[in-house]
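Here chain A shows up in two complexes: once beside chain B, once beside chain C.
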Partner chain A sequence: MKRKWLKGMALTLMALAVAFGTVSSAGAASKLSGRIVINGSSALLPLTLQAANEFKKLNPKVRISASAAGSITGPQSVRKGIADIGAVDWDASKDVPGFKKFDGQVAHKVAVIPFAAVVNSGVGVSGLTTSQLQGIFSGKITNWKDVGGSDADIIVVNRAFGSGTRVNFQMKALAGKDFMTKGSNYKEVKSSGDMKTAIETTPNAIGYIDLVYVTSKMKAVKINNVAPTEANVINGSYKVWGYGYYMTKEQPTGATKAFIDYVQSKKFQTGSLKKLKFIPISAMK
Partner chain B sequence: MSMIDIPTSGKASASSELGRSLEASSGRIFSRKSRLSFYNRTFRIICIASAVFVCMILFSILFLMGRTGILTFDTVSVKDFFLSTEWVPENDQYGAFIFIFGTFALTLLTMAISVPLSVIIAIFLSEMTPGWLKTALRPVLDLLVGIPSVVYGFLGLTVLIPMLRTVTGTNMGDGILAAAIVLTIMVLPTISRITDDSIVAVPKKYRDASYALGATRFQTILKVVLPAARSGIMYAVILGMAHAIGETMAVVMVIGNTPQLADALFKPTSVLTSNIVMQIANVPFDSTWNDALYLMGFILLVISLLMIVIVRLIQGRGVKA
Partner chain C sequence: MSMKKTLMISALAAALGTSAAGAASAAAAPNATTVDLMINDQAIHVRSIQAGSQALYSLRDLGAAAGALFEVNVKAGVTAYFNNQAIELHAGSNAALVDGEPLDLLQAVQSVNGSYYVSLEDFVSAFGLDAFQDASGKISIDAIGKVHADNIRWLNADHLLAAQLTEEGRIDYIVDARTGAYKKLINAGDASELTVAPNGQAAAYTNNDGIVFVIDLTKKFLTPKAISSDNSIKPELVWSADSKSIFFLQGDKGSVIAKMNVADGKISKVLDDKVDYKAGLAVSADGTKFYYTVTKPGAVTADANKPVEEDDVNIDNTGTEPQIYYFDASAMKDGKAVKLTSLTDDKVFVGAAADGSKAYYVSVEENKPSSLVAVAADKTVTKVIGNKDVLQATIAGDKIYALTDAANGVEVVEVTLATGAVASLGSVEGNVSEVVAAAGTPTAFVIDDAVYVNWNGTLKKVTI
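This part shows the complex of A and B:
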């Protein structure tokens, strides 16, 4: 009996020693500790997750939980105190079409996200002007022949109200003009993935999507004669892009500040962020 | 009286015997009897607590949905909400008639396609199939029930809608017909399996009597078996309807999600479930919009509760052998 007890005790001690040993040796790297909760935009989630992984390696005592439920949930969760950082595809400290500003929140730019107007690969139009886009998305232009294509009805695919992509596209590509809300050749989809499927499979369809989602089965059209490429975004000729933001309640402190600093750091911006096909904020003038 | 007396006295003597055996032989601080009664009581409390917990969940969901939903009427009149067809939350117009109408239209269309089909499948399964095929087909139907709805929706989006487009020549294909076809495939196994069970439950003597009177197989099935299995079939239909009304993921992918009245088979529209799931993630908390979506959820909840009550009533009746 006694020997068993001793053996158990020894095993426990050893386990404890191992556990504490690893923690203390890793803890030597950074004294930062705490818990960061991030919620919001699904477009920014890959970036956030990658940054969280790298950040946790440097600061093992910081726990980060990141999730995504849509842009507007980001600043809302911050306001309610559920999240420390709200990821959002527009500057939520200012008014945008459809959404009031969130008073007192601080916006931190973390990435540049380019968007593209896309059409089904069967559509014979390769470029549209701002006023043509406004006409199509407001329902005034309903046939491709009016914008230089063949005689076919235009199928408009839109993201649901509240989507960050929609807010940006409306501000930058349509110059703030309203979308149509109904029509027999109009539909709304729930996510970028659904948008991709809809554009790929629906003849004569037009929609818009993050540039990184553009596939070979669809066509990204030139807007005002400028092709949607990363180079054109950086040199300033292609205007349809937006910043991705992290919103915080006040000026951030502690672990939250360190995390945002890490995401904005040159190392992350030109490394992992670029690999995920976002454009570094430093690239923009 | 004597009917009741006998079992009680028997029970009493049994329990007194049990009591004696319990009091005997106890080496510990608490006697065996008090330990056992403690276990019994604890177990009973756990059981009651679990039952209360389930009821509390149901009532708190109802309460929460109803309470938040009712706030809608602070800014929107009851008439506007139920009868207006203008759903433009950006401009504070909250007419949910489109969605309520869409839900009922979609459900009716689904039932119109799926009920005849499933009843025929059930008749085939129960009355015409040889035994070995029966044992092969029933598990197939059961497996169909288990396929996640998002799979049906995805196939609807990528296979059914392009097919509808080429067959009918419409521009888009999204609309209540596409949704009804997807839902039909989803509820078909449920309805046909339950109908099948209720047809099998019809006593053999009914059929024998019918045949003895010189009826053909077709006459027997149509005039004797189906009417006898009527309540079971109703039960199956309502279960299928409840399933169809509440289905979300499959519907949202093929219905088009546009707030306009479903007055044509191929016109992008929206129903209660699809509208809630499209918008709930993007609405500001504490807004009328949010409350209106809760109210729509509450309406769905009430509809499905009503259906369950009807199912219970039907189950209570039924053909006795």
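This part shows the complex of A and C:
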């Protein structure tokens, strides 16, 4: 048990304030230094930049640069040696549909990200089954009337190859089944923002997006009769979600380790991470 | 007092052959002298004996003053109940049990005329207390139970708001800044960090859905009230100086500066210039001048048509350092903010003078001491503290308090904004991670995760 026997602690112009026991003389505010470069998932970029702002208040000598161009560029950047952390919406140390694992990289969970199948607000369908989603996104079901809607052609909006949202949606909502890749009623978009715009403005469109980006101008549909809500993710009934990861070349050290530790800390997980509408990783125990 | 507790004290009194009266009236045992100590800022008389070169003190006198209850068992010795802990001591033994966990005492407990005597250091250690000795040798023991704070903010000149983080969320406490006594304010699993209004009468937070709630701290029963149904992401909340409005950054990228009236929840946009990743919002007292940083993400080029194994990706981080921006909502009808800085230093701890004339920040350059810098709305840059390595700074009304690197800890520096005068307040040894201050409050320091309030040069520990 730690002893708590202290001399009087005072603020003194002579720097004579001394303390021993619980108050060590181990040094002052953090002098940890270094530069961290982070690249990858656009969905995780707001979280990364928020964490960077807070981390720098605790460790002002650490400089952090962040960028995003899709999940796959995260572990690619780490492997190439141009980033310390690769932000990615799947565990890139394992094989997933479309991508082989990045050998040797270490995955660090940083957030839980729910994904939703979304339709234009004019679509009169409020729920779809896994089988119906597989049919729609493979191009086998082409009219909303075949899944309980009105007689109108379905416009499929897909994320481009390399998107973490796409990988997760394929694995979790489509049970691994392939997407259609072309056709007159098919389009691809490059980012979550572009997906949001496409669904909001394209009649009869269907796509998928991080739950956090669902707006009042679109409709998130139930999957297998379960609504895409944070509560349903946590209680296990809604299956279309994934972890956001920070990938490192090996076990991290120094400033990189400290930053990852901060993002995984209670302070950040129950604070700003929730403000940004991600789900803390501890919620999924 | 419960019957059980009464019995415990009576049993001890019978076993020790003394009454259960207060320590101040305790009669000295044979061979015992009486010494004066301070417990919880109250002077008490404590019986003391000399065991060799070591002074030992009456366990009952100390324990009673601290608020402990005792139970005596002939075989098990004495068990003290204090702060939800059971401390078991045995006469002639230096082996103690604290909640069943063994603790080696420095001195064996002595029993003299049925009274247990312990060393002061052992008493402090076993009971989990803090003890202090001033320059004159006077000993004070702090036995007031304290809460652990993961985050601390001033509520008013006498109270702090302490947040304790749990896996489920957070619990907020109001802490007496003079004693450390605390009471629970709110236990909210889905509440973000509370932001206290400048008048100390309200606090705001957002829940998981982005809804802003306000708690009226003047009410006896605290009920968070949703003041708007707007569920957009709000990374930062900043109260207006009159405590009637809340400014906030809006959206996952913090692109918009908006204002919400507390009374009716009405939201108006202050600035919507499509510039992403604003942060560190600081607002002048009149609510018209805004300072903030903008961070530009790096530029990435990647050819998705090439095989993944080629790693055809490149990152250009040129110009990604945060820059300070200024927006005057009263003067700039075209809605354009002004970029005040352009250098590649990192800019941390951004704040603004109440009159909106300047922003202040800690400028961090690689392999150089950090400095405290002011930048005016006309882009004039001034080094406020340029001869020390500035580790942290916070604006409190018309002052800035900064922590600067010192030989064995940190030096605390005060800057008077009106004159620019810089004065050293002193130094604190130890792992000092933060100075916390607000207009009209003392300074407080986070040292090894505990909070100490600076009362006229003496640091009072108020959280553990």
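Note that in this section the second predicted complex is superposed on the first by the 258 of 285 C-alpha atoms of A that agree within 3 Å, B and C clash if a C-alpha of one lies under 4 Å from a C-alpha of the other, contacts with A are read in each partner's own complex, and residues count from 1 in each chain.
Here is the rule we use: a residue touches a chain if its C-beta (ideal position, glycine included) is under 8 Å from a C-beta of that chain, and two chains touch if they have at least 3 such contacts.
Everything numeric here is computed off the predicted structure, so don't read it as measured data.
Within the superposed three-chain arrangement, the count of touched residues of chain A is higher for C, of the candidates chain B and chain C.
Of the two partner chains, chain B is the only one touched by A:188; chain C is not.
By the touch criterion defined above, A:271 reaches chain C but does not reach chain B. In the superposed model, A:69 makes contact with both chain B and chain C. Within the superposed three-chain model, A:225 lies out of touch with both chain B and chain C [touch as defined at top].
By the touch criterion stated above, A:153 is placed in contact with chain B alone, chain C being left untouched. With both structures placed on the common chain, the touch criterion links A:80 to chain B and to chain C.
When the shared chain is aligned, chain B and chain C each come close enough to touch A:161.
In the superposed model, A:204 makes contact with chain B only, not with chain C.
In the superposition on chain A, contact is made by A:45 with chain C only, not with chain B.
Common to the chain B-facing and chain C-facing surfaces of chain A are residues 69-70, 72-73, 76, 80, 99-100, 160-162. Residues 88-90, 157-158, 161-162, 165, 171-172, 174, 252-253, 256-260, 264, 267-268, 277-279, 281-285 of chain B are the ones touching chain A in the complex. On chain A, the positions that touch chain B within their shared complex are 69-73, 76, 80, 98-100, 153, 155, 160-163, 181-190, 194, 197-198, 201-204.
Interface residues of chain C, counted against chain A in their complex, comprise 98, 101, 103, 121, 124-125, 128-135, 150-151, 165-170, 190, 192-193, 206, 208-210, 233-235, 252-254, 277, 279-280, 293, 295, 297-302, 304, 308, 311-315, 317, 320-321, 346, 348-349, 362, 364, 366, 370, 391-392, 403, 405-412, 424-434, 447-448, 450, 452, 454, 457-459, 461. Of all residues in chain A, only 1, 3-15, 17-19, 22-31, 33, 35, 37, 39, 45-46, 49-50, 52-53, 56-58, 60-61, 63, 65-70, 72-73, 76-77, 79-80, 82-83, 99-100, 160-162, 212-213, 230, 266-267, 270-272, 274-277, 282 touch chain C in the complex they form.
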